[in-house]
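Shared between the two complexes below is chain A, which has chain B as its partner in the first and chain C in the second.
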Partner chain A sequence: MLNLLIIGAGPAGLKAAIAAAEQGLNVKVIDEFPKVGGRLLGQLHQEPNGEWWNGMEMGEKLHQKAIRAGVDIQCEVSVVDISQSVSGWTVYTSQGMIEARKLLLATGATETPIPIPGWTLPGVMSIGAAQVMGNVHRVKPGNTCVIIGANVLSMAIANELRLCGIKVKEIVLPAVGPISKDAGIPEKVLASLMKLTHLAPTVILRQAGKLGKFINPSFAIKYFPRRGIKLFGIPIRLKTAAVEIMGEDHVTGVQTVTISSDGKVIPGSEKVTEADFVCIAGGLAPMSELASIVGCSFKYVQELGGHVPVHNERMQTNVPNLFVAGNITGVESAKVAMAQGKVAGLAIASEWKGKRQEIELALTTAMEEVRKTRAEALIQFQPGISEARDTVYHQFTLDELRMKQEVSVS
Partner chain B sequence: MSDEKTIICRCEEVSLKTINDTVYQYSCSSREVKLRTRAGMGYCGGRTCRHVIDTIVADLNQKVITDDIQLSYRPPVRPITFGALGGVYHENESC
Partner chain C sequence: MRMRVVNHPVLGNLPERNRVTIYFNNQPFQAYEGDTIASAMMAEGIKTLRNHEESGNGRGIYCNIGHCFECRVQVGERKVVRACLTPVSEGMDIYSLSVFKKGSESHC
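After this line comes the complex of A and B, so read on.
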């Protein structure tokens, strides 16, 4: 039986595997994707200091390090069910059963769609799918595209698609409605983009960001040009909304309308932008399915992307011998996921070895590193992450107290 | 935007209009919407549309999304062949 099984070979899972294996644990990592690295594989962007973040290289580095540390890694394995026994965990996969004493879920996040008429046509994909096709499989999803949804992820990937030789015709908003919510309201979108000052892709946005400290976004959006502003030559049109994806048996274009600052359609402004594929950028949500079937309790935290399994700062859940790390605990950058993975790996090793002082010390440093990485994070998917995380840790303490009381009563 | 033309659950082809009508008629939870319309019960097991269903229903009922997960996950959480379920594994037979 394994000491530790990790589900997910992304930044969090690999870092955890290395940390635990270096402490002498017998570790295996499984992943359903054919390649090791998780979402690191698709990432390629320039940081403010001019350096490129090459996720694929980082993934390969972690992969090699894990192998050297003695970690067994297996790809193309999908987990279908998990059960708990007295001795540990039984994990049922597409390739057979795996038994382990401790389990770490590092399954990452999943993309949320924004359904609009025509989104089921061939040629429509999530922004992440286009990224995987281009950067991982080296296949161009098409030649011309429209991106629906203006957020940090779509801006970064738009530039990656451009580097793949794709003409990104425009980034527009989804039409306002119960599904798109704030993502369909120009004023709200600009407000969220303005918070990304250090990442803000163009001088204009950067200026808007600086001004944003003094100027209300509802004022700034009035001056946002209808034609949009350009980022790497790609028009970002915050006052244009996609109402329908056109095509008979494949995408041919997107029908758009001009909208006011609060998302209202301006009559007679319909237009069609031709494109041979369309990307929908609806944002990310923690992938909670496995945590749910093993019986974790959850907290809904909007800032973290949705339902997250309740856990503490040691990445321990309220199910014994079960840990979580990475985007399953809330949507953040790969660097935060890596730092969290190290914490989880050390916390598991510490539990395994009876909380030896030197591991506890390393763990304290690793937890400090998570906080530091978060504070310095260039990609803040949502504001208020640190505060949101505190509510999850607080819930863990409350649940723990409640469970102790229940035990003492019975 | 035409609610009839907006497909929410791709596997079972359930439109936004059907979901809206169901909530208006029965003023129900997302779980009840799932049971009445089959939205989220198709081949993918709701992997694509569950968040959308939750969002629409919470919005229509003017309620906040709760900490408890409304549309429960049930194993197998990935489509799997009977062979693999029974412990028979073949090369090139991923689930």
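After this line comes the complex of A and C, so read on.
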């Protein structure tokens, strides 16, 4: 039986595997994607010092380091169910059953779709799908594209598509609706983009910082040009909304309308932008199905992207021998996920070895590193993440107290 | 071949890879080792991977990382896989899934 099984070979899972294996644990990592690296693989953006953050290289480095540490990594394995036994965990996969004493869920995040008429046409895909196709598989999904949804992820990937030789015709908003909600309201979108711009001088955000020359978003949106502003030569049109994706057998374009600051359609403003593929950028949410089937309790935290399994700063959940790390605990950058992975790996090793002082010391340093990485994060998906995280840790403590009381009462 | 990003200003040039032949609905296509079914077909400009079970409308990839199951295709006699997670191999036979026949549970 394994000491530790990790589900997800992304930045969090790999870092955790390395940390635990270096402490002498017998560790296996599984992932359903054919390549190791998870969401790191597609990432490609410029750091403030001009250096490129190359996710492919980073993923390969972690992969090699994990192999050197003695970690067994297996790709193309899908988990279908998990059950808890007296001695630990039984994980049922597409490649058979795996037993482990401790389990770490590092499943990452999933993209939230925004269904609009025509979105099932071949050639419509999530923004992350296009990123993986271009940067990982090195295949263009098309030559010309419209991106629906203006957020930090879509702007970063728009530039990556441009580097692949794709013409991104425009970034527009989804039409206002029960699913798009604030993502369809120009004033709200601008406000969220402006909150991001003050955080860090990345190349992307410095460009987007052009938006920040205005002070108040509700004031700024009034003066936001109808034609949009350009980021890396790509028009960002916050006052244009996609109402329908056009095409018979595959995408041929997007029908848009001009909208007011609060998202109301301006009559007679219909226009068609031709494109041979369309990306929908609805944002990210923690992918937590596996945590729910093993009985974790959850907390809804908007800043973290949705429902997250309740855990403490040691990445421990309220289910014994179950840990979480990375975007399953809240949507943040790969750097934060890596730092969290190290914490989880050390916390598991510490539990395994009876909380030995030297591991506890390393764990304290690793937890400090998470806070530091978070504070310095160049891409923050939402403001107020640190505070939001504290509410999750607080919930863990409350749940723990309640469980102890229940035990003592019974 | 036509949709490959051969040169990239940051990621560099595509490395040499072994070619394989795959068959999509009995038609041969060139692909490379390391391709998924989805990337190989996309590289050939083919976006429709299957037809919806009821409406018959075309469907292609949506998420490209295995979450949405929109890209499911049949490989060989009866195995259904997600095209975005399945690496190609020499001689692989891939078929689009299509409209369910009335009164039958078969989709072939």
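Assorted remarks:
Keep in mind that, in the parts below, the second predicted complex is superposed on the first by the 393 of 410 C-alpha atoms of A that agree within 3 Å, B and C clash if a C-alpha of one lies under 4 Å from a C-alpha of the other, contacts with A are read in each partner's own complex, and residues count from 1 in each chain.
Following the convention adopted for this analysis, contacts are C-beta pairs under 8 Å (C-beta built on N, C-alpha and C of every residue); 3 or more make two chains touch, one makes a residue touch a chain.
Since this is a predicted model, take the numbers as computed values, not measurements.
Overlaying the two complexes via chain A leaves chain B and chain C side by side, clear of any clash. Legend: residue contacts after superposition of the two complexes on their common chain; A:243 is shown touching chain B, with no touch to chain C. When the two complexes are overlaid on their common chain A, residue A:290 makes contact with chain B while staying clear of chain C. Of the two partner chains, chain B is the only one that A:179 touches; chain C does not reach it.
Legend: residue contacts after superposition of the two complexes on their common chain; A:306 is shown touching chain B, with no touch to chain C. Once the two complexes are overlaid on the shared chain, A:94 sits against chain B while remaining clear of chain C. Looking at the shared chain after the overlay, A:229 reaches neither chain B nor chain C. Once chain A of one complex is fitted onto chain A of the other, the partner contacts of A:120 extend to both chain B and chain C.
When the two structures are aligned on the shared chain, A:76 is found in touch with chain B and with chain C. Once the two complexes are laid over each other on the shared chain, residue contacts for A:110 go to chain B and to chain C alike.
Nearest C-alpha atoms belonging to chain B and chain C sit 5 Å apart in the superposition, given in whole angstrom. Residues 32, 76, 78, 110, 113, 120 of chain A lie in contact with chain B in one complex and with chain C in the other. By the touch criterion given at the top, residues 3-6, 8-11, 14, 35-36, 38-39, 42-43, 47-49, 52, 57-68, 70, 84-87 of chain C touch chain A in their complex. Residue ranges on chain A touching chain C, taken from their complex, read 32-34, 44, 52, 54, 56, 76, 78, 110-111, 113, 120-126, 128-130, 132-135, 137-142, 163-165, 249-251, 277, 287. Chain B contributes residues 1-2, 5-8, 10, 16, 47-49, 51-52, 55-56, 59-60, 64-69, 72-78, 80, 84-85, 87, 89, 94-95 to its touches with chain A in the complex.
Interface residues of chain A facing chain B in the complex, by the touch rule stated above, are 32, 76, 78-82, 92, 94-97, 110, 112-113, 115-120, 175, 177-179, 181, 243-244, 285, 288-290, 292-293, 297-300, 306-307.
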